[in-house]
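Shared between the two complexes below is chain A, which pairs with chain B and chain C, respectively.
Our next item is the complex of A and B:
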């Protein structure tokens, strides 16, 4: 199979897997799934291709939502923002994209490019730039390894379009696009600077659409077979169980276009008597067990319902939820010194050396070149 | 003469006249003048042409500085921001400009396009969109009378460029460009959506470069001839003396990228025993004499040194300055109902009907078609 055409069930699996990989953030995947179904029901196709199928000079555009997930819950998309951002970017570079991709497999941005791709009749590449979700644009493998920081295109649901034609660094692209997003009402669609097929093969986190699909399928299968879904996630992702407990308190504040906050949990079962707290900026950043850091970015800290394995986003956390907290290994592309400078604990203000949590295993592709 | 090539003395006159028309804002004209001189000394030319010299389908770009004047004092320009903004806009529309213009004759934006025009070897049109200075983009005659709100281009001194390719209204262009300006550090160069020669002739405030020159020259001549410079301004601009007094207090706050504040004065000479206060948002908005409004936008409220006629910007106001406050009539293009909805007292939050202050007389052009 060198092109994988998604069904509604495939989207169900991908949405679930992507929400787990969202590490508490990445936007609402449920709304994205419904909008993906809408495309399929309208007769459009969502086709996934292998990164290895691309020519080195092919142009690929990563597109998705930008902004505070808490706002995305109430301020819905019009539906063509990502498509318009892709077209605006193509006009800016004077070249058409041969495929789209997500910059961020975690959360709703796993599905956003699929919707734009269905509208544009373009394939989506089985790759992303994070293998998870992260709050800021510069935090992807492409920028870290040298992709140019411009142009990018930002669209809102009202019809405004902003093109960032020159940015002096990925951080400046982030600052300017974030300012635009906030002005647009804290959510917008953003098309990142185009990536070539060669860059994508060298720097992309591979087969993450397949990974999300298999992860979601594993959880749903475990539920159906009355096995522990939490165990299914850990096994599929080669992860570690960090904690089982009950959420005692959540503090939140939405500043600078981000949903920030802190979560406090008391232990249950084997963790009775212990306390875990997690700090987040859209995504979970750091986990402390009895005050000691046990997992930190770029490794994934995922909170799921203790029984069903359902991922719980930072917006949904509330007193009384019984949860399992899982630590999943980040891609080796995020574990180099140059990457840790951008996505490691210090990049988020923690005076802490990164300790890798377990070994990453490259996901099996569902689609061949 | 169908092209007027400016000398250093011409720039001196224009800078002084423009600063008076800046009504307290419009940015620092002194720095602009020095940078204009630099262009002339480098052998480049600043050429002014008549609006009537343009063909109806000629493309003209208005360019200038955007942001908080208080920040512009300390964060200098690199020098090519306006030029880069013009080129970015030309690329966005796929057509070259035949001339540049200022959107705002009041303050440093009288000179900014001249610097870019010298660099690009383009003429500057003897026209603007305000006949004064105003704090927001939508407050110009072109937008008020129907010019399209996109594209626009924003550049900073670091090398970042943002192009607003689609805006649903001039107010949205303002919101997005303002957000970009703030992200860039509260000052940036902005090229407004291109204007055709036809639009310029129909909607432009004409001969305002000539007006600034004659006004500046009148003040300097009065000083040389030991006549009252304040009288010279009033006579040239058909204005009214609103108040003579001493500044007692200034309150300021820089919010949303604007320099806002309130100024309190005690009367001197004929105004002894009376008090005047002025509220500003970059520019002076409204003047109250003993609590009663005596002049309001869009008419010009200009504060000048009581002796020398030197214009005093809102940033320079401080306790003890002895000043004259002048009211100058706004262009009739700002006195229509559709214009007052955008630039009248209510547009700035004052529950007040506009009372025109005197009759506007169109300035004599210094350059013929």
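Our next item is the complex of A and C:
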């Protein structure tokens, strides 16, 4: 089996690319990157394998952090939480995992399974369940297409482990895991119900670790060579430049515990004279050009600094920032009626039909089977 | 009573003397490597420019880059013992993990991860353990360490374990300097801990420098209290500054912004400070510099304590002018302090931004005949280039799309004219050359609270009013005149991904120094 063994620089690229795929949310990647580096410096390896390398009956576990990023930035990990969640889940199903994966490539959870995998000496599959970031567990392709909603395992840094042996739906699993996370101090590691190699190949969003790497590498190399990082991203990605402009206003409000808001931008260069606004709920949801919708969830709306290519989170948006707004097509797995019911505009309270943004092209894998 | 403000910059040490709201004297002296003789020079020059008695000086305020430079140049730093109270949490990243190795090796003395720390709601992660803190103290003492940085998880919410630890350190390590993270940084454990460690490593230099400042005042016959300018535009007493040297970081741009606000009478404005080599642009909100919202790197280390949001770029009176037409460029290279020797109007042969200002009739300095050969269109292009750079930077720092007042300060502000795009008005107040020293002289005393509150337990209004009251109490304790205290900043931010109504509340107040 071919393996792609990550270096510190690879992690740097993946962290930056994952932050771009976070579409404004997904949590901060900085501490995760440092923790990944610590694993490599301790002599452990982070190995990436192709989804096609798996047997249909292989067991794969998705694992990551759950809770409030602001809390995680203060009370960060002991270090073995994700690893213990994986082991707890293996005990619950009576079978060892062949590989780990992330269910959410956008943001900090891109790196969490890599740390657990380094500790367990398992590979990480070049796949995820979103191709981006979303706020809740049920919003991933595996649950949408029928992966069982249990068992799941939740661990904190104190040594507490909760295994959810039965849940009647992914939404119930989300609800219970969220309650457990709050009791554990608002941060925890969660291992999702195991899936098989066959399910992963059918329902996974493929090669997204490679995609994150390529995005990050494009930006960092363009910076070093004094080229335009936005051009560099577009050269490698099958996305569109939606807008270049300047943030003119940011309005924020909260509904149901979610930080929502709206950004207004005025166009610069080719977009001079036009206006774009973006509504967000942790992540960017919908973009309107001169009042007309040009991109909406589940397609990705990524905002980067126009000069440096640095991804801009919804929390740090403010007047005056010069940005480029990129639209990346969502996986076709998110564009079906059953998926749009969970991750489409209506799932976020918008009474409108989803119009896909261009054709999705599967990212090139960095590692072949 | 007179107040004397001093700003120690890279090139010049400026002093300004104020009586009430009036600037009665000022002086610029070259900055000297050991800093203090430059201070003495500027102080005596300013004193001589007036005819006041030494006994009439009520206070001296110094703003200095000395401590920032010590970290950047890795000079005179102390070894530090780091005690982190975290229980089982945070073990994945040890203290100083993201420091440049060369700096970490100079500073790290001993690291102990100890029981304790708090959850986001203030409850302990694990109970505080006195015996393990005593053991850590003994190890640090045996290693000969005299400075301790203490960081506890969620100490901005509940500082209890840091305070208990400090008591034990005082008993076990008499005379040791103690830096508590909750007194220095904000939420964000690693960055706050970094700030505390940085403060701790400056402890010996802090004592030495403050003692030298005190001696300089005594030598000049000044018996008044000494204050240091902090980077949020407020003051700390010299005793306090010995304990918190990091709060002097970036006080220079802050002083010039505060001075600009004072001299112009504006509280909401963008301040453009053009010096010899660089231009610093910041925004005033309620008369104080707006703070940077992201982490700030000092000497390659990420920290999260308050710092002014300043945008700097290489344009100043000494900037080199090269090329023409499409290749025309002003800065970032500069002749710096050699301007008066190398600039064309001063008899040199290097074309500088100041030469353009003279040729364009914006300033009368040196011999204008020495730039008579420059063509009108070239001069116009170069002036437009500088004007545009400044206009773009102003727009970056504005708080909204509306035009804002712009205040021009610093000796290099002659490079631009008053017709700046995006400005509702442009002011060049009197004494603009020493706005930074004036800013130090008029600095106030502040108090601040930053914490996470669960609104399911208390109402938002109540939580805010408790925080405001505590901030006022802290300002009074630090020496502010209670009747003059005003709220400078109130912020409440809901925490993402949590349906439990947790919000982060930040309140800052400031008042005049009680003289």
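Criterion: the second predicted complex is superposed on the first by the 327 of 369 C-alpha atoms of A that agree within 3 Å, B and C clash if a C-alpha of one lies under 4 Å from a C-alpha of the other, contacts with A are read in each partner's own complex, and residues count from 1 in each chain.
The rule is simple: a contact is a pair of C-beta atoms (placed from the backbone, for glycine too) under 8 Å apart; a residue touches a chain by one contact, two chains touch by 3 or more.
All of these numbers come straight from a predicted model, not from anything done at the bench.
Enquirer: Just chain B (first), just chain C (second), both, or neither: which does A:35 touch?
Expert: A:35: touches chain C, not chain B.
Enquirer: Which of the two partners, first being chain B and second being chain C, lies in contact with A:135: first, second, both, or neither?
Expert: second
Enquirer: May I ask you to name which of chain B and chain C touches more residues of chain A?
Expert: Answer, by number of touched residues of chain A: C.
Enquirer: Pick one for A:255: touches chain B only (first), chain C only (second), both, or neither.
Expert: neither
Enquirer: For A:158, decide between first (touching chain B), second (touching chain C), both and neither.
Expert: Both chain B and chain C are touched by A:158.
Enquirer: So, does A:180 touch the first partner chain B, the second partner chain C, both, or neither?
Expert: A:180 contacts chain B only, not chain C.
Enquirer: Tell me which partner A:320 touches in the superposition: chain B (first), chain C (second), both or neither.
Expert: Only chain C is touched by A:320; chain B is not.
Enquirer: Under the stated touch criterion, which partner chain does A:167 make contact with: chain B (first), chain C (second), both, or neither?
Expert: first
Enquirer: Per the definitions at the top, what is the overlap between the chain A residues touching chain B and those touching chain C?
Expert: 158-159, 178, 182
Enquirer: Chain C touches which residues of chain A in the complex?
Expert: Residues 25, 27, 31, 34-35, 38, 67-71, 73-79, 115, 135, 157-159, 178, 182, 185-186, 246, 248-249, 254, 256-259, 266, 282, 315-316, 318-320, 322 of chain A touch chain C in their complex.
Enquirer: Considering the complex alone, what residue numbers of chain C touch chain A?
Expert: Answer in residue numbers: 86-93, 97-98, 117, 119-120, 125-126, 153-154, 187-190, 293-294, 395-401, 452, 494-502, 504.
Enquirer: Flag every residue of chain B that touches chain A in the complex, lowest number first.
Expert: 88, 91-92, 150, 153, 155, 158-168, 172, 175-176, 178-180, 182-184
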